[in-house]
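See below for the structure under consideration.
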Amino acid sequence: MNVLASLMEPAGTPDGWEAYGDDRKERVGFFTDTSVCIGCKACEVACKEWNLIPEDGRVWTGESYDHTSQLDANTWRHVAFVEQRKPLLTNGDGAELGVDTVGDGGTGLRWLMESDVCKHCTHAACLDVCPTGSLFRTEFGTVVVQQDICNGCGYCVPACPFGVLDKRHLAATTDPPPAILGRKEDGRVWKCTLCYDRLKGGHEPACAKACPTKSIQFGPLEELRERADARLAKLDAEGWNGAQLYGRDPDDGVGGFGAFFLLLDDPEVYGLPPDPVVTTRDLPEMWTNMLAAAGALLAGVTALTLLGGRR
Amino acid sequence: MRSYYGRPIIKEPTWTWEIPTYFFTGGLAGASSVLSSAARVTGNDALARRALYVGAVADLVSPVLLISDLGRPERFHHMLRVVKVTSPMNLGSWVLLVNGGATTTAAMLQLLGKWKPLRIAASIVAALAGPPLATYTGVLVADTAVPVWHEARHELPWIFGASAAASAGAAASMFVHPRDAGPARRIAVAGVLAEGALMQAMELRLGTVGEVYHQGEAGKLSWAAKGLSVAGAALLATRGRKSRASAVLGGALVCAGELCLRWSVFKAGFQSARDPKYVVESQRQRIEKDGTNATTKPGENPAPPGRGA
Amino acid sequence: MALSKLLESWPALRQLREGDPRGLGKAVQSPRSKGLVPRIDEAEHVVHSICPYCAVGCGQLVYVKEGDVTHIEGDPASPISRGRLCPKGQASKSFVQSPLREYKVKYRRPYGTRWEELSLDDAMDMIAERIIRTRADTWEWETEQGAPANRTMAIGNLGGATLDNEENYLIKKLMTGLGIVQVENQARI
Amino acid sequence: MPSLGTSFGRGGATTFQQDLQNADCIVIMGSNMAENHPVGFQWVMEARERGAKVIHVDPRFTRTSAMATKHVGIRAGSDIAFLGGVANYILQNDLYFREYVEKYTNAPVIIDEEFAGPEDLDGLFSGWDPEEGEYDVQSWMYEGMELHGSAGQREEGFDPTKGEASGHGGHGGGLHHGEPPSEDETMQHPRCVLQLLKKHYRRYTPEFVADTCGCSVEDFLEVCETLVANSGRERTSAFCYAVGWTQHTVGVQMIRSAAVVQQLLGNIGRPGGGIMALRGHASIQGSTDIPTLYNILPGYLPMPHTEKYGDLDTYIDANTSPTGWWGHFRAYFVSLMKAYFGENANADNDFLFESLPRIDDDNSAYWTVRQMLEGKVRGYIIAGENPAVGHANGKAHRLGLANLDWLVVRDIVEIESASFWYDSPEVESGELEAEGIRTEIFFLPAAAHTEKDGSFTNTQRLLQWHWQAVEPKEDCRSDLWFYFHLGRLIKQKLEDSDEERDKLIKALRWEYPTHSGIQEPDAEAVLQEINGREIESGRFLSGYPELKDDGSTLCGCWIYCGCFENGINQTARKKPHWEQDSHVAPEWAWAWPANRRIIYNRASADPDGNPWSERKRYVWWDGDEGKWTGLDVPDFEEDKEPGYVPPDDAQAEEAIAGDHPFIMQADGRAWLYVPQGLEDGPLPTHYEPHESPFDNPLYPQRANPRRQQNEDLAEDPYNPVAGEPGAELYPYVVTTYRLTEHHTAGGMTRSVPFLAELQPAMFCEVHPDLAREIGLEHGGWATIYTTRSAIEARVLVTDRVRPLTMKDGRRVHQIGLPYHWGKRGLITGDSANDLAHMALDPNVHIQEVKAFTCGIRPGRRPRGPELPRFVTELRDQAHSRRDQEPRVEPEEVRDTS
C-alpha cells in the first residue's frame, strides 16, 4: 500500500487539487466568526433561495430559536442557538463580567449563535470514499457533489466526521429518476457547494453575501486565516470568554477546514466534533490489514481442505 | 458529556437491509470460490461443484442487492466510472465484478460441461478474487466516521473473513453429502471459532465505544449470532459426519448465525452514530492521549497561514 | 470512432492521462460541472428594487428571465445595506412566488358560504357603485352640533405602511375628494 | 411622531442608520434592533467593533442583548422611570453639555407662572379638566407667549395643533411676532425650563429606578456613567428605539424622555448622535409624511376639524407660526390644494377649503372599529394590512368586519381579514357563522413590489425608488392601479351628477398617464405631482422655499418638494456608495427635507459655527466662503451667519437667530419642555401601563390620565389592576413582539416556505421559576388569557425572560409572546393580539401591546363554545371581585384647572 501512501499529498494541500495545474484557482473558503453572529438565519434562506433547495419541514423543536436542527440534504447552512448561564466576557484576572445581569444578582447570561456549514476539508473523507467520482475537488479547492453523477450509494454519509452530507428523501427537483423504477424520492446526496456556480461566475457565495454582520466571511483561505488570527487576538485582549478558532490549523485531523470558525466555547457545545479525523487517514493500514486477512482466508480454507480427510 | 441538545454529531448511514445481506452473500461467494478450487485440487469434485454453484448464486444475488440499495439504481454503472484506491466501495465493485464474472462463467461451463481449460482459468481467477471480496466489506464499514466501526478497523476484515469462511463451509455442508463434506464442516467450525475469538478481541479494544454490541438491536443480533453459529458448529462437529439431516440443520444454523453477525455489526454502527457521546468521548480521549485537536486557543501558534491555501 | 471517444471521456482513463491518479478532481469532473453558469449571469435584465419588509430600506437586485423573477439578492451599491439582506428580504422571491399567492378576484356575497368567481372589471364596477351608494345614503353636511362636516362616516380605508408613497398619495387624495375621513394605516398600529 | 416633532421640529429620525457607526455609545431601548432590523444593525456592530459601548435596556434578553456590551432588564412599561432617572443623574450632578443646552435648547426659557407639574398635583399637570378628561394647555406656555388666535377664537373651539399634526413641530407654538421668550441665560430662574426639569425629576433617584424598573442600582448607574462619558464635545451617543416605546399609553412621552436626555447631553444634530426611530414597515415613515391617516394632510398639515378653524384664514392663522419655517403654512396648504384640485381651486373660492371634509377629535382606526360594532360603518377598504391579526383585540376587529355591508380586501394572499367569515376563532367557537354574516366581500389580489414602480420612504426619511421587474399576473394589480381606476370609475359615474356633495370629487384633478396592457398609471407622474411645479411654466420645483401662497405653484407634499428637481427622479438615484466621498452618500436616493441626512446638523457646530471638535466634524460655517458647508446638506439657510440676530419685525425663518439650529421651531431651539403639541403633558412623567400589577410609586395618579379607554365597550373589557381585587387572576406582565424570521401579523411571511420553517409555531417565553411554580412543561402547551380572550402557545422555558424584583422585594414574572400567527398560511397558530386591549396613547391613538397583564396555565385552550365560556367566567369572577371595592381613579375626582 505504499503506492497509496506515495500518492498522499503534503499536509495542507487539498487532495486532487494539484491536477488542475494552470486551471487551478486560488483556494477559497469561509471564515464564520460567531462573535458577531446575530442568529438571523439569512444565510439559511439565502442558501435555499440560490440553490433551489426544497423546504425542510416545519417542526417546532423548543431548542432555543433553532428549528432547523442540523445540516442535511435540504439544509446547507444551519444556525445553532445555545443559551448559557455564563458571561460573555472575563477580565484579565479571570473574574467574570456578565453582559447580562438581569434580576436577582444575575449570573451572566449569553446566547451563542453559530452558522454551521460544510467544512470543505483539505482531506475530505466524503471525497475519498465516493465510488463514482460524483464528489470531486473543484479548481477552487472546494468539495462538490455532482448531481448528474451521484447514484445515491450513501457511502459519504457516514464517512463525514461532521455529519454534513445526507441523502435527499424528498421528490426530485432536477433531473428526476426514470419512471420505470417508480421511485418518488430524489435519492441523491446533497450538501453545500460553496456556490460552485456563483464562484465560476465570479460572485461570492449566497450566504456570505447575505450575512448582515459579516459573521460569514468569504475569501482566499490564506487571507481568511490571517484575518482569523488577528480577530482571535483582539477578542482575547477584550477578554471574550472561551474564544477559539476551529478548523483553522492545517495540521488538524482533516488538514484544516476550507470553511473554519471562531467559536466561543468548545466545538461539541455547538454539535461539532472536537477532533475530527479524515477516516481515510488510516486507509493504507486498513488495506494492508485486509490483504493479510484475505491471505489468511485463502490459506486457511485451502489448508483445511487439503489437510484432513474427505469425510 | 456536553452536546448540542443531545443531537447526533455524525449522520447514521442511509443503507437499508440489502447491505448487511450483501455482506453475507459477498462473503459466502468469496469464500465459496476458494473452497471450490481447493476441493478441486484434492479431487473432491462433488464438493468443488456444489461450492462453485453456491458461490455463483451468491455472486448473482449480490449485485442485485447492491443496486436495489442505491438512491439512483439506474446509475449503478457509475461505480465503474473510476478506479479509486481511496474508495473501498469502488474497489469492491471491481472485485465483485471480477469474482462474480469468473465464478458465474465457471459455473456455467461446469453445467454445460464444456471448455474445461477456460473453466479452470475462470475458477483460478475466482479463487484469487474471492478472499478480497469476502474481506473488503470489513474495510468498507471501518472506513467511516462511525466510532464503533472505525475503531474496529483492525479486526473487522478478519472477522468478516472468518465469518465468510464459516458461511461457505456451512453452506457447502448443507448441499454436499456428508461423505464428501469433511472439509466444508471443518472450515465452518474453524470459522465460527475464529470469529468468536476475534469478536472478543474487538470488543476488548473498543471499550465503551463497543458497548453498543450489548445494547438494542445490535445486542440482540450479536447474541443470536453467537448462539446460532455455535449451536450449528457444534451440531456439524458432533453429528454432521453421520446424519445428513444434522448436516443440513447445522449448516443452516451457522449460515443464519453469520447473517446475524453481519446484521449486528451493521446495526451497531447506527447506534454508535446516533449517540453523540461516542463521537465526543472517543475524540476527547484521543485529545488527552496525543494532544491533537481541531481548535486553536489564544496564544497557541497554529501553522503559518501560508500552508494549505 | 465513437467508441474511442467514449473511452477518452471515461474518467478511469482520464485519471491517468490528466495526472489525477486518485480520481479526486479534474479527471472526474463531469461536462455539466465544467460548463456550469450562475443563474444570475443568464438573466435577461436586472432591476434595482427595495426590500418590501421593514423600513431599513435594503437595496435589492431582481433578476428576470422570460418574464419571471429568477432570483432576488442584495444590491451591493446601497450605502445602507451594502448588498446584505435579512432572512425575510432574502426570501423575497419565495414571497412574490408564494404557493399561497392569490391571482384571481374572489367574491363572497352577503350571507354566502363560499367564495365565488368574479371578473376584475365587474368587481371594480361593483365597488365603485357601493361607494357611491353608501356615500349618498350617509352624507353628512353638518355634525349634530351643527358644525360643518362635508363627509360620510360610513366608509373607511385602512392600509398604507406597506404601500408606495405614490399609492398613499392617491388614497388620501381620492378619499378626501370623496369626503371619506376615516383613512388609517399601520403607522398607528 | 409628535414626540420628535414637538421636541425638534420634524417627525422623523434625526439621523441615518449608517451614521450609527460613528457613535461612541449606542443605547437601544424599546427596540430589538438585531432581530427586527438586522441589516441596519450592521452599523451598530461596526460601532461596537470600533470600541463603542452598546447598551440594550429591555424586558427580555434578545438577539440584540446578545450582541450588546451591556444588557439591563427592566419591567415592561417602566422606561420613563429609567430615562427620568438618567435625566436626574445628569441634572443633579451638573453633567449636561452646558453650552449646547444653553444655546440650542429651551432650557433658559421661563415658563408661565400658572404652570404646575405632577410633583405638585399628585401626578397631574396644571390645566386638567375632569369633565372633558383633557388638559387646557394655557398654563404650559412660555411666559409671555400666547397661543395663536385670540381668546375669542378659542371659544369657537380653537385649539393648538396636537397629535400627528404636531408630528411635525408645534406649528402654532408661536411667539409674538419677533418677540423672544423671556429667558434666564444663567438658567437659575426657578421657573426656567432647566430648573423645572431638575424639580420634576428630583425623585427619580437610582434607588427609585431600581425599585420601579426592577434593575440593580449598579446597572442603572453604569448606564448613566457610560452615556455621560460618551457625550460632549469629543464624543457622541445615539439612541435607537422602535415600537417597544411607541406601543404604550405613554408611548409618545417615552420617546420624549429620550429627546430630553439627548438634548441635555448635546447629542442631537451631530455625527454619531441623534435619535434613530426604527420603523417596522417599508414605507411607514412615508405613510405618515404622505399620510394615510385621518387627521393630517400631506406634509403634516392638519385636516380641517369640525369644531375648529372656521374658514381658510382662521385655519391658516391657527397653523402658521410667525417665526420659523411654519411661517409659510399658507404656501404649503395652497400648493396642496392646487395639486388636488388644479384650476378648480383658486383664491376666489378659498381654494375649496370650505368644501373639504372635516374630522372630529378621534376618527382613528380603533375609533372606527367601535363605529363598526355599533353598525355605523357600512363599507371598508383594506389594502396591505391585516387588522384581524395585527391590531390589538383581534376579536373586536373581526366582529366589526362581520358587521359591515361591504368589505374590500387587497393583499398578496388571502389574509385573516378576508377569511374571518368562515375561518376565525369566532367561527370555531360558534359566535359567528357564515350564514349569519351580512358582509359582502371582495378579495382583490395585489401586485408585489417587483411588479410595480414606486418609492418607499425608509426609517431615515430616505425616499428610495423601486423599479418594476415583471408584469403582475392575471388579476393582480398595484394599489396605484386600484385607486386610480376606482377614482376614474367613480368620477365617470358622477359626471352628470349635480348633487352638491359631488362637487368636490368632480373638482378633483385626476389625470395620470397610464402604460402597458393593464393601463397601469405612471407612478413617476404621481411623484412629479408630489414634488410640485410652477403652474405657469410647468417647471419642477427644487424645494419648499419656492412654494407660493397665491396659487401659482402646486405641490402634493411640501416636505417632499425637490424629490423630482430638474425633472429628474432624485429618489431613483443609485450611485454606488463606493463612488461617493463619505458615508453620507448624498447621491443615493433622496431624503426629506432637502436631501439632508442628519437634520438640525447646524448643531454639529458650536454657536460660532466651528465644529465642536475635530473628531465630531460634520457641518460648519466657512467664513471665507460666507456659507455653511460640510459632509451633509446644511439644515440651515446656507448663508445665514452664526452671529445673525433677527430684527424685531422678522418673520418666519428670518426670525431664527444664527445660533438656533432647530429651524422648524418657533424659537429655533430644541424643546426640553414642550409648551404645546402634546395631549398629556409638557414633560414625560412616569405612569403605569393601563393594565399593570403595580401602583404608581410616585403619586396616586396610577396611569396616564389622558389615555383613551373604552369603558363602555363590551368588546373591550379590562383586567383589574394593582390594588383592585380580581387583579390576582391576571398577575403576570405580558409583552408582545416580533421575531427576525417573521414580519408583523405574518401575512407576508407565513406564506413563505423558507420563513415558515424557521419559526413554525406560536410559542410563549417563560422563566424556569414561573414554569416550576405553575407546572408549565418545556415544549408542552400553555393557555394565556385576559378578559378579552384566551390563546394557546407552545412553551419555551428560558432564562432570557427573567422575573424582576421590585419595591419591597416584590417579584414579578414577565411573559413574552410573538404576535405573528393566525388562522391562515403554511403555519398557523393563535394570535397574541387577541389578548390585547384597545386603550390608547392620547396623542397618536396607538394601542398598548408592549405591556399589559394576563394569566397563564398549563395545557391547551378550551375548544369551540368552551373558549368564550372560559374567558367570560374568569372575567365575571374578576370583575365581580373588583366591583366590591373598586379602585377610585384620582383623575376622575380631582380638579386642578
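Per-chain numbering from 1; labels A, B, C and D assigned in written order.
The definition used in the following text is that contacts are C-beta pairs under 8 Å (C-beta built on N, C-alpha and C of every residue); 3 or more make two chains touch, one makes a residue touch a chain.
The model shown is predicted, which means the values in this text are computed figures rather than measured ones.
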Label of the chain whose CA centroid is most distant from the centroid of subunit B: D
Chain pair with more C-beta contacts, B-C versus A-B: A-B
Mean-CA-position distance for subunit B and subunit A (Å): 29
CA centroid of subunit B to CA centroid of subunit C, Å: 57
Centroid spacing, where centroids are CA-atom means, of subunit A and subunit C in whole angstrom: 35
Interchain centroid distance [CA atoms averaged], subunit B/subunit D, Å: 72
Residues of subunit B whose C-beta touches two or more other chains: 81-82, 84-86
Subunit A residues counted as touching two or more neighbouring chains: 7, 40-42, 44-45, 49, 128, 133-134, 149, 212, 214
Multi-chain contact sites of subunit D, meaning residues that touch two or more partners: 38-39, 42, 740-741, 753-755, 758, 826
Which pairs of chains touch, using the document's own definition: A-B, A-C, A-D, B-C, C-D
List of subunit A residues in touch with subunit D within their complex: 36, 38-42, 44-45, 48-49, 55-60, 62, 64-65, 67-68, 83, 85, 99-104, 106, 109-111, 113, 212-214
Residue ranges of subunit C in contact with subunit D within the complex: 45, 47-60, 62, 64, 67-69, 72, 75-82, 84-89, 91-92, 94-96, 98-113, 115, 118, 120, 123-132, 134-139, 141, 143, 145, 147-151, 153-174, 176-189
Subunit B-facing residues of subunit A, complex: 3-4, 7, 11-14, 26-27, 61, 63, 69-70, 72, 80, 82, 122, 125, 128-134, 149-155, 157-167, 177-178, 181, 183, 185-189, 220-223, 225-226, 229, 232-233, 235-236, 243-257, 263, 266-277, 279-280, 282-283, 285-287, 289-298, 300-302, 304-306, 308-311
Subunit D to subunit A touching residues, read off their complex: 34-35, 38-39, 41-42, 45, 49, 61, 63, 65-73, 214-216, 219, 739-741, 753-761, 763, 778-779, 794-796, 798-800, 802-805, 826-827
Subunit B contact footprint on subunit C (complex, rising order): 10-12, 15, 22-24, 27-28
